[in-house]
Amino acid sequence: MTELDFRTLDLLISLAVQEDLGFSDITTRAVVEPSLQARGEFVAKQDFTLAGWPVVERVFQTISTAIQVESWKRDGDAIAKGTVFGTADGPAVYLLSSERVALNFLQRLSGIATLTRKFVEAVSGTGAVILDTRKTTPGLRAIEKYAVRMGGGRNHRFGLSDGVLIKENHITAAGGISEAIRRARSGVDHLKKIEIEVATLEELGQSLDAGADAILLDNMSPSQVTEAVRQTGGRVPLEASGGIHLGNVREYALTGVNFISVGALTHSFPSADISLELKL
Amino acid sequence: MTELDFRTLDLLISLAVQEDLGFSDITTRAVVEPSLQARGEFVAKQDFTLAGWPVVERVFQTISTAIQVESWKRDGDAIAKGTVFGTADGPAVYLLSSERVALNFLQRLSGIATLTRKFVEAVSGTGAVILDTRKTTPGLRAIEKYAVRMGGGRNHRFGLSDGVLIKENHITAAGGISEAIRRARSGVDHLKKIEIEVATLEELGQSLDAGADAILLDNMSPSQVTEAVRQTGGRVPLEASGGIHLGNVREYALTGVNFISVGALTHSFPSADISLELKL
Amino acid sequence: MTELDFRTLDLLISLAVQEDLGFSDITTRAVVEPSLQARGEFVAKQDFTLAGWPVVERVFQTISTAIQVESWKRDGDAIAKGTVFGTADGPAVYLLSSERVALNFLQRLSGIATLTRKFVEAVSGTGAVILDTRKTTPGLRAIEKYAVRMGGGRNHRFGLSDGVLIKENHITAAGGISEAIRRARSGVDHLKKIEIEVATLEELGQSLDAGADAILLDNMSPSQVTEAVRQTGGRVPLEASGGIHLGNVREYALTGVNFISVGALTHSFPSADISLELKL
Amino acid sequence: MTELDFRTLDLLISLAVQEDLGFSDITTRAVVEPSLQARGEFVAKQDFTLAGWPVVERVFQTISTAIQVESWKRDGDAIAKGTVFGTADGPAVYLLSSERVALNFLQRLSGIATLTRKFVEAVSGTGAVILDTRKTTPGLRAIEKYAVRMGGGRNHRFGLSDGVLIKENHITAAGGISEAIRRARSGVDHLKKIEIEVATLEELGQSLDAGADAILLDNMSPSQVTEAVRQTGGRVPLEASGGIHLGNVREYALTGVNFISVGALTHSFPSADISLELKL
Amino acid sequence: MTELDFRTLDLLISLAVQEDLGFSDITTRAVVEPSLQARGEFVAKQDFTLAGWPVVERVFQTISTAIQVESWKRDGDAIAKGTVFGTADGPAVYLLSSERVALNFLQRLSGIATLTRKFVEAVSGTGAVILDTRKTTPGLRAIEKYAVRMGGGRNHRFGLSDGVLIKENHITAAGGISEAIRRARSGVDHLKKIEIEVATLEELGQSLDAGADAILLDNMSPSQVTEAVRQTGGRVPLEASGGIHLGNVREYALTGVNFISVGALTHSFPSADISLELKL
Amino acid sequence: MTELDFRTLDLLISLAVQEDLGFSDITTRAVVEPSLQARGEFVAKQDFTLAGWPVVERVFQTISTAIQVESWKRDGDAIAKGTVFGTADGPAVYLLSSERVALNFLQRLSGIATLTRKFVEAVSGTGAVILDTRKTTPGLRAIEKYAVRMGGGRNHRFGLSDGVLIKENHITAAGGISEAIRRARSGVDHLKKIEIEVATLEELGQSLDAGADAILLDNMSPSQVTEAVRQTGGRVPLEASGGIHLGNVREYALTGVNFISVGALTHSFPSADISLELKL
């Protein structure tokens, strides 16, 4: 079930509306007749994967309940350049005042879905799963992880409270891999698996010996990952991360690694080019 | 005065901390001794322009007042790859729990400043000023516009309430350029100038006749912009926008246009690559 | 378009309801049958200009959705003493618990509109426009400025972020009129005009020379204002402010000054006398 | 103990700062050097009774902790026209950005205290006590009732939850005075007294018979109040309310009535005239 | 009128939903088809007095408006073990995600009502009234006091602002009983009665002499209370408190004391045993 | 690391202070000199395990920074009846106004810790671990789970987002044990273990076959649990739950089950008896 959670979203929308509208949209209020009805058409200015349409609906709803929003596409659908994929009908003043906030959400989320889709297609047939990371925009994690799912990716843990991932800095602080795993095992509740990040094959071996439930291979080359997969022999799932881009992701996927996590999905995506055009 | 406004920032930090930490950082609490003191070093993994250091300070402060943060660089400074440009000292547990939130802010803001700096350098010597737009991340506008300033760009209006910009959709709704300008002039207070967006030289002429105070040239080619500059003859400032990237921005700047606004500064920037490394 | 913005209003209503109702309206709960239906009639106890009816609707809605509110008058209308101008129907308990909060809003906003209307009528035919100021009640600016519009006045800038007004203290800090104007011109975006406050005709001259876009004449006598108008010759709009009351406002208006701003509209207005009378 | 409660005040200050500053004080940021230190002097432009100084301190503190505020007067003190009664030292940019918010609080609260003091002095020697009402500005009740105390008045109940006052509408709903009092007696906890509002001497008699603990005489003339006092014979405290102003309050006080409540103290007071002048 | 106040409740529900659901109910989202409709039946696993059904409705509403909740019992009703007393129909995913939050409210409030009912029945026929105290769960006072009413008890004052109760620590601070009562009389508004807490018959006498309006007998034995009732002779109401449990409450009630307040009603109640069972 | 998280706590404290103090502690303000300094002593009126002292500190801090709080005991310590275990020094007015809120937190949290300690001691030497559940007070989960840790218990998952527990209702919805486990395995991220609730030994067998990572034995008798332990043979951890109390918990523990979860720890604990006594 991929449904979007609206609880934190509403606060975010209200922040966005507040920062864009301030006390009033002075241009629209001065220039446009309050009684004028209009239709806004959402137009794709490039090929992209749609994500964020329910947010668009909610943004318009927040500004005015007099606006009716409709789309014949659903989040996750591919949209071709030039397509009109949705409409918003209602008082022109509210359409104009809502436009930028709605597009700022939609273009970002669709940008994430579009980039994710490219990674997912690049590894198709290999069995490797594309994961996101915690490198998300402050305050937007829930909707950005939703956009990753819309692009066909899967989500890693949501945050620090719902999954154990022992990273290099934790190992440093604990004084070694086996001690870190031992402490994690005894310190968290019995429903959590223990994943650990390793940078070398030697550390991989130590982690397997110490009983890690999953292992993240950090910044390894495809050939190192291949060797790690061989050495692990399917005992625990392996995740590759670091330095992976569209140009080399298939090479990583072909090593047999289970997961490939890509920070760029949420920290360096280009926004999708979408516009809203008013018809009277 | 380029100081960062902390009022909305604190809400954003608390959202970011809430989404990342949830009820607790379970890995760190299990693995790291509460009494362990450490130093975290901020390391540049690429060349970039720093922006967001005061946010980093505030993030750590929010998590724990026991952390001391220090940098010998200031926002706006260029940082070379490999440089350690700041430190955070305090209990290792808090350093580890704060790391990702702090970096998520810093990498994004520095990414924006770095991209802005490239545009500013590309037009150096031409007199053209690089501006941002309202295409910012929902909720983060104030800090993203701050990052643009740190990169040497200037800010366009903050939002819909503090400046008049009549766009194509407004003209459609008002029934024409001169009527739109007339309504704006009589409908907003006497402290606002009237800028209007035009797509052709004919519309430019109409706007000048109708008494616009500033004109945005939308999606014009450099040669069209050159002609617009000639036709305007310095009567009002001109702003070019749409389809401008690092590859053609200097060509636009050389037309003599006063302002060049670039949405990509805030909607499609790559995050700067920065890491925090723990030392015991 | 004079519509009231409900975004901050809802917080204000919830503060008002919280401070008045606390945990419960103990008198009403003890004395009135929950099932009793009643009508409350809004009665004008003096002549006044209506402002704040949409707020009244929203207050009742906040307390209970079972109340139906109706008025055949609209904000901006003149109401004669003795008129019943609106009704609220529903459970008597909720009518009684909402009464004071609703009236506290309505009496204040109508008081502002009524006073504004008097100033507007006093200058009728002169071409002078009555403006409000930033001397509004903390937290109530948006609705108080709305009430000024309902009384026929116009709004000056909303706050410090949407308009430039260089005041005496700024001139002191900048070291002089021309330096202050020069800094403002280069430090704010290209959509803002520069207004400056002057106390003498000499300062007026300096401001005109320095290129101010509008000038506020502070605490000048009508004859000084007349001279200022003559000296300015229509180059920029002039605003008179300070020491202006109903007794002398027409004299100021007859000088030919463009705007007259009056702090008393929002800082020293008497509330309109309105009551709610229950009918069973 | 007359101390001001800061709990709701902080929300109010943040609303006031938000509405006035928006995203930034653009004039001050453009015109004033960030490093410039200055002193602001609070100057009385009329005789008044001070109220709200602790709010002023808190407003400046909210904007910047770099500002030091000091006064040699205390809330409740009389201030003579022309007096400098307080100072604020710190960065000029913050002084200028805080000025209007601070004054908007101070001028209103001092206006209330000043008007209250006039009523208190008008009844001096009579034994009558001046009370406020619930006719306060939405959201500002706590600080407005504080200002009444600073002017020498006393507070009636805070709101609907902490005291029982049966008003005309309640009597209508309950079907009569004695039934209303009976229900109140059995429906509220044993720590509350029952006050009832009456409009005639006959109703006064019924209320006394029904065992009211206190009686509000609504809109009675001084001679009616005199007769009510005689008829009551000290059995319960009497409160006069409605149509009482500075011109007739002493006449009411001389009737021997115990309390006189005056809505105008908080709904129709003129703000005190106070300015902040910058010294370099 | 015993209606529940929903104003603070909504915040509490949102806290409860946030802490239980976090970013998502991961089990339900993975295991249950989004399209699956189901019915949940509320089943009594013990005899109890119902309280909190409106809260249950509101919890489900908060999670999803697609759920229909119905009960043929009302708060205050006795429910026998084994009874199905309510249903919730809608998407199974939402029923499952809401279950624990709804039950956590319902079991606690019904636990309080059930315990209160036992005390009320224990004193039936004696004329003594069972009261609650301020020993409520932080943040839940309004709904816990509501549950007491549903169990047939009555409420003491809501909090510190709506009733005067001079306790032992206050007497210590004031320097004696008569001074404390004198100060209270002159320091609070004229609508409040003065109750005082005494530990001995001597203090009772002093309090009566000083004019207390009500007296709380703290930690006295039934025979001491009997003597206190005799000595007071009906002049003021008496309240017994401290060390009173189901085993001795009738003995206290038979002394003729007017009120018996029991902290355990809200600080040491067992939750009622209630479950929600899913039917497809 | 057992530290208390203060993020949600502060909101809870502010709710508690708001509901108890309302606009003012009228008794204390009237009766106690503002300048009076006092010491409050925290006295144990029964044997108990301390939990919540940091909350007490924070409550006093919230009311007034002029209060100094100190204890020579730490959360988790046993306190004997009659002991003075902490002090609060400062203005008597603030001590009195804070007392009830502070005690309401402290008595509840210490009550939970005290009850937990009894369960932990009852199973000592058996290897069984006492766990809490999600049956916590709405809004207080984080601090109640903290109190469980202070009593020597361990925490089960925090909420629905950080652990997978397939309950009876989920199995019903999924159509069977193996399908439910299969869906959970494929639908949650790779860092989560899958626990399932079973009511019979047959279901236990199915769950083991389907690859559950942990199994909750619901409402089984000790002899059934013994058989379940035998049948499981250590392959996965087992948790007993339902119908377990102090009288039978050791019997359950001796079966060899790994975890025993007890809802009563947080849903039916008696508050600890603690008082604050004022010394001048």
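Chains here go by letter, A, B, C, D, E and F, matching the order in which they are written, and residues are numbered from 1 within each.
Here, contacts are C-beta pairs under 8 Å (C-beta built on N, C-alpha and C of every residue); 3 or more make two chains touch, one makes a residue touch a chain.
Please read all numbers here as calculations on a predicted model, not as lab measurements.
Q: Among all chains, whose Cα centre is located farthest from the one for chain C?
A: F
Q: Matching A-C on over half of contact pairs, by residue number: which of D-E, C-D or C-E?
A: When the residue numbers line up for over half the pairs, the pair is C-E.
Q: Calculate how many whole Å lie between the centre of chain A and the centre of chain B, each centre taken as the average of the chain's C-alpha atoms.
A: That gives a centre separation of 21 Å.
Q: Would you mind pulling out the distance in Å between where the CA atoms of chain D average out and where those of chain F do?
A: The computed centroid separation for chain D versus chain F comes out at 46 Å.
Q: Just give me the whole-number Å value for how far the CA centre of chain A lies from that of chain F.
A: 35
Q: On a C-alpha centroid basis, what's the spacing between chain A and chain E, in Å?
A: 46
Q: Scan chain B for residues touching two or more other chains and write them down.
A: If we look for residues of chain B contacting two or more partner chains, we find 19, 22-24, 26, 29, 32, 141-142, 158-159, 161-165, 192.
Q: Could you list, by residue number, the parts of chain D that touch chain E in their complex?
A: 154-158, 161-165, 189-193, 195, 213-214, 237, 239, 258-259
Q: For the complex, which residues does chain A have touching chain C?
A: Listed in rising order, the residues are 14, 17-18, 22-24, 26, 29, 34, 93.
Q: Per the contact definition, I'd like the list of chain B residues that touch chain D in the complex.
A: Spelled out, the residues of chain B in touch with chain D are 1, 3, 5, 7, 141-142, 158-159, 161-162.
Q: Provide the residue numbers of chain B that touch chain A in the complex, in ascending order.
A: Residues 8, 11-13, 15-16, 19-33, 36, 38, 40, 92, 95-97, 99-101, 103-105, 107-108, 111, 134-142, 158-170, 172-174, 180, 183-184, 186-188, 192, 264, 267-271, 276-278, 280.
Q: Show which residues of chain E lie in contact with chain B when the two form their complex.
A: Residue list for chain E touching chain B: 19, 22-23.
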